């Protein structure tokens, strides 16, 4: 199984820039985490956008849609900020013949206690087993993309 | 989805004991990793055995079989050493009406660059989506338990 | 050697709050890191302020001065944001009969690749060996507090 | 301050080799940890031996002595297994005009909760402030090399 990863930023890739006293989106972390996981199979990673997902606009989502549509591979993994993950997922619903899984993190992958490695494993589990369609892998659950919402207060994704 | 975790030892839980200048099986790590992953749902963890999987014997496997059979929950996650994971999986094949997923790690969960959090996510992905049966979640893949072997030299699980 | 730790916030203790999409000062990390380091000796930790050091004001510094002055112990370790560490250090210069060491971090202690554990070790090294006075332990160096400046562009402390 | 690092193995550098179901000495970790600590100054690292310190013999110690003696730099940092750290330190006592600091770890540097980064910071603190001689930086303390012993049961170094 070949996995094409598209990264779009979000907490998953946040890094601290001391010179700015601020956190910003850094280099994508998913590739390093997959190598660390010693997966049996190849993957490629392309960074499409580096934004907090609250700042993603229509042009960004058009770009993501175009990249996924044009991708020759069937298994697509997208790392994405959690706040508008379902919005982007909805725009991908018309793409056929692909298993598309979005995941993200509540704590940056660079943190020692991040949920990022687990969530990435969860997403790859979904790529292995889910039929064509758009899926969200968060909070230890795999949701159909149109049946889930983020509960911001509780910090979890849940069925809607 | 309630997840019942049974731990059996293996590299996943190895810890270094300085007083012995040796590594041994320590306390199970899966519970802490699930909390860190902020999963939406409850789970329980029971430690059945603490052994390197090369040292598991028939009595240990009988114990594991009995615990899984007697468990009232449908979703069972077993952490297990990788060297004989398929042997134990085979003994569980007669258990009905349960989704049983075995996973493990090539590097102890206490290592910074361990594959353990990813593998645990992969296993939980399988619990979400696989039908009843026995499954092995390793190397970024979800395998039917009777169709996989560990390639010890390459350090990956692959279809046989 | 008993070590009294006073924490004041800074990058050292920053944590990500997903509900706010923002980083803020979290619980002090120095105590956990000292336990992890298995030090031979006792310590106590008191949180005085939780601020980015650019936001510390005169009242905060008066509070820090009062706490250090009133402390019955000789060895004082202060974790502090890096941007105004030298300003706070200067206000402590009149305190006698104490070894006062300030340290901090360029990357939050919760990051896997943080400089925080190393810097804490460096500071404890200074507590072991430096005479009474105020010292800054950063960038692998131990500086007299009035002889050092942060080079914000280069991200290091250096002699001035 | 230029730091010359000599590595000799020990728990500090232990890594798990799955193919052997065993832990062995891996590549030296001190260089990566110093980079992570963003130290202000240059250093060089040379691996002299890769052994558990219980297995170091006279020939190994002659090699270490020769390397330190021949080194043109004044500040020497040696990473070493903890069980015979004081034995090696004693053989270096005749070397003049150098600050020699030995450190190690109770838990491998590759562990998430290792004492290795802290201990390395402690050792660099000693290099900054100690006079010429041989020093052991362990357990949050800096000891003259001939005044310390490892308490194997308690897992700490203490004055003898």
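As written, the chain order gives the labels A, B, C and D, with residue 1 at the start of each chain.
Definition applied: a residue touches a chain if its C-beta (ideal position, glycine included) is under 8 Å from a C-beta of that chain, and two chains touch if they have at least 3 such contacts.
To keep track of the chains, here are their UniProt names: A, B, C, D = Asparaginase.
This structure is a prediction, so every number in the text was calculated from the model and none was measured.
Most remote chain with respect to chain D, judged by CA-atom centres, is A. If you average the Cα atoms of chain B and of chain D, the two centres end up 37 Å apart. Centre to centre, using the average C-alpha position, chain A and chain D are separated by 42 Å. Between the Cα centres of chain A and chain B there is a gap of 26 Å.
In chain A, the residues that reach two or more other chains under the touch definition are 106, 112-113, 155. Taken together, the chains touch in the following pairs: A-B, A-C, B-D, C-D. Those residues of chain B that touch chain A in the shared complex are 1, 3, 33-34, 36-41, 106, 112-115, 117-126, 128-130, 137, 139-142, 155-158.
Across the complex, chain A is touched by residues 11, 14, 16, 18-19, 21, 23, 52, 54, 82-83, 106-108, 110-113, 152-153, 155 of chain C.
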